[in-house]
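Order as written gives the chain letters A, B and C; numbering starts at 1 within each chain.
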Amino acid sequence: MRLTSSQIAQEVQAQRVQGNGEVIITDFASLDSATKQDLSFFADPKYENHLYETKAGAVLLPVNFTPRRALPSHTTWIYVNRPDHAFYSLVRRYKLPPLPSWGREPYAFIHPSAQIPEETYIGAFTYIGEGVKLAKRVWVYPFAYLGAGVEIGEDTIIYPHAVIMPNTRIGRECIIHPGAVIGADGFGFYQGENRIYERIPQVGRVIIEDDVEVGANTCVDRATLGVTRLARGVKLDNLIQVGHNVQIGEYTAIAAQTGIAGSTTVGAYCRIGGQVGIADHLYVADRSSITAQSGISRSITAPGKSWRGAPVQEVRQQLLMEAIMRKLPELYPRLREIEKYLSQS
Amino acid sequence: MRLTSSQIAQEVQAQRVQGNGEVIITDFASLDSATKQDLSFFADPKYENHLYETKAGAVLLPVNFTPRRALPSHTTWIYVNRPDHAFYSLVRRYKLPPLPSWGREPYAFIHPSAQIPEETYIGAFTYIGEGVKLAKRVWVYPFAYLGAGVEIGEDTIIYPHAVIMPNTRIGRECIIHPGAVIGADGFGFYQGENRIYERIPQVGRVIIEDDVEVGANTCVDRATLGVTRLARGVKLDNLIQVGHNVQIGEYTAIAAQTGIAGSTTVGAYCRIGGQVGIADHLYVADRSSITAQSGISRSITAPGKSWRGAPVQEVRQQLLMEAIMRKLPELYPRLREIEKYLSQS
Amino acid sequence: MRLTSSQIAQEVQAQRVQGNGEVIITDFASLDSATKQDLSFFADPKYENHLYETKAGAVLLPVNFTPRRALPSHTTWIYVNRPDHAFYSLVRRYKLPPLPSWGREPYAFIHPSAQIPEETYIGAFTYIGEGVKLAKRVWVYPFAYLGAGVEIGEDTIIYPHAVIMPNTRIGRECIIHPGAVIGADGFGFYQGENRIYERIPQVGRVIIEDDVEVGANTCVDRATLGVTRLARGVKLDNLIQVGHNVQIGEYTAIAAQTGIAGSTTVGAYCRIGGQVGIADHLYVADRSSITAQSGISRSITAPGKSWRGAPVQEVRQQLLMEAIMRKLPELYPRLREIEKYLSQS
């Protein structure tokens, strides 16, 4: 990239520009790490202080923003409606490497019954099993395994080393990150006659709807019977465990290393922190917000609340409890003091 | 599958049938999701309510079961000794897809010294190193890596992308799920002369006995010296960490995302929940039951008890403590009230 | 290996030998599991009791060590300056299997623009993308994926199934363990016009300095902009999550299943236990020591302290609080007793 600040202002349909229009911009950076050839942006009021100290060559900022004090004159200030949108669309256009071109690399194993349109990328060392159906504009990176009967929708990316076990269905515009395992057997046993643990046959499947992301090395188990489902817009970070028959509702986002045990239903539009544990056969209501490292062992039926702790309580209650817990080391001696006083009186 | 309820009754050697024997059954489902062409079963008394509301075409239930109220007449009721056994054996026969046939797919890398019987499946893109020995009826799926000297017993399945590092021994009837890593180096360092962390050479191995499962993306590290051992019947869920020199006793089952640090011994017949942490060099007695998210930092020497919390206490004690913790927000003001009263008196 | 105890004494430049110099040693073992043909060593005073009960044929021990009681006469005692150094260097010489020889196995996909010196090992089923640069003495094991523009320094090992995404730079003498994913996209979204979650383009990279280890199935995400950095000597165990733009300082060691959220900086020489969670945009000071399963949701600014709990407190304070928490079940009735007494008086 090599653009002047004026050219950038034009590209993002700026409302107003303050400063030198001839500054040369060659890269992107955050406000606090930018140098004079970088473009940066300001959107979150929390970081307003960074504005007055930035060394960026140009900064995108909201058209309705009024700075508390004078903005540095060595920077060109470009006012737009949505600076984050404008910034990320420039990053996408000028910095994001293109995806591989359509075509097939050598050493792909493709079952003759698989349906693969021309407009797809099939990397080296990919395994595409019997009856697999790919839509147009699917990228299958090297070392991806697509088991028999897998179906994948348009504009979906399967990154290297992803494992998609048989009969999994993945929608459009999804991203399956490296090393993710979709559709492995659920963890279920019953007491057999000769064996303590007899494996319950896992004959269900995983259905992933449109616009879903599954993070690196995350596991989504197939259903015992029926379906494990990630609804439209679900975003899973890395190293997450999703047990058999779990249902995750639309646009719920979950941070890394969280685990959801079998047959639990998580509602829509939830935000779940990292390292959270949710036990089996529970229900978590829509729009729940769960702090990192929480533990959920009972269903949450009231929607739209914030939860924290293990076992969880509503955030306010849990924070109060935690504050008093930290006072216990002084509280205990006070109790003894009272007892001593009373025993003497 | 397409069977009448009578044919099913015959297959499972039913003791008694109540209802229409000519119902056509084509699939399997749980009581609450079944439709009129589905077979379901009832075994856990906890779900008795589902019986009276099921839409299943036929249901297997225990011969000695007496319903609390009338069973719906639109369902055929088939009484057997063990409904779960009967149900799962039908699922296995009619619904579970067969494993791949014996033979070799193209693009396998097989060291000439490897011993591979005819009755094995060797998938595409498998790597089978020097001196590997496979028994009969072993399935090695695509992208499996079997390092030098690996030995695998009869009827074992190695799923796609499993990594079996050199000299690992795996018994009969085991299942290694996708992305599992068996025998990577343990995490051990000593202070060197030039370096702060000098790697301790990890020259032990992993031995996995018969009838063991290792979940997707689970890691079992090789021993520093000697052996990391999963005894007969151990069941590990996904994303578990088993450190170097850990010993896990017979028929112990462990849920997802639990971690066991180096040199710890876990006894037999334990049941360990998800996201549990067990520190290094400890002992956990046989038949211990550990609640999810617990933390174990001291050995558990008494067998057969239930533990909860971090650090763990016996469940009853821990639940009592948790209950009182939740009362702290009201307890604290009461203490202040007493102090105030006494200071005035 | 087949050496007499005298030959071993000579190899390790022993200061003094006590006992039979003709004992035949063929293997290595820890003090408590050694048999009469094994060499063992003693370094940690905690295990002194093992000395008096060992069955080892020979034991290395510190030259300045004075046993509390008589050492068994069936063992040859070899006194050296650093018994651990001596022991591990013998293990390395006589027991550690050699790494593969230089050369290329069949079925490697190597982009014509990649720079690969002769002195490298390129395993079967490796994918080496456009513009990759390997230094001398690099081992790339089967199923490793090296994306476009990856650079790897001398004497580094990339184990099977490691995924190194484009533009990652890895230094010298590093070890990337099986299944590790370096440089996958960070987890970042902004609110779009049509979609709730619009993906923030992740165009930064990962830089791993010299002498770093990344454990099996551990994930290190690329930066959104800029760099995610593991500084010299960092040691990461298995199944760890390192978010986008995280910085980890020199010689910090982190145990399995810990997660560090985006944009957090962890200082140098820290020791972090397993299953710890560290929230985003925080700072953890140099030489911090964090107990396993802790949760860090505020920055730690004072260096060199020990922390425990969720949320963390200094270890002493947290242990005191935990001790009193365990007393709560008796404390609560005592409070009620006081209230009752006062209400009657």
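Everything that follows uses one rule, which is that a residue touches a chain if its C-beta (ideal position, glycine included) is under 8 Å from a C-beta of that chain, and two chains touch if they have at least 3 such contacts.
Keep in mind the model is a prediction, meaning the values are calculated, not measured.
Chain contact topology: the protein chains form a complete graph, every chain touching every other one. After Cα superposition, the angle needed to carry chain A onto chain B is 120 degrees, rounded to a multiple of 5. For this pair, chain B with chain C, the centres built from the Cα atoms lie 26 Å apart. For chain A, the set of residues touching two or more other chains reads 107, 125, 143, 161, 179, 217, 239, 257, 275, 325, 331, 335, 338, 342. Of all residues in chain C, only 107, 109, 125, 127, 143, 145, 147-148, 161, 163, 165-166, 179, 181, 184-185, 187, 189-190, 192-193, 195-201, 203, 217, 219, 221, 225-226, 239, 241, 243, 257, 259, 261, 275, 277, 279, 295, 297, 310-311, 313, 317, 320-321, 324-325, 327, 331, 334-335, 338, 341-342 touch chain A in the complex they form. By the touch rule above, chain B contacts chain A in their complex via residues 28-30, 33, 84-85, 88, 91-92, 95-97, 105-107, 123-125, 141-143, 159-161, 175, 177-179, 211, 213, 215-217, 233, 235, 237-239, 251, 253, 255-257, 269, 274-275, 292-293, 322, 325-326, 328-329, 331-332, 335, 338-339, 342.
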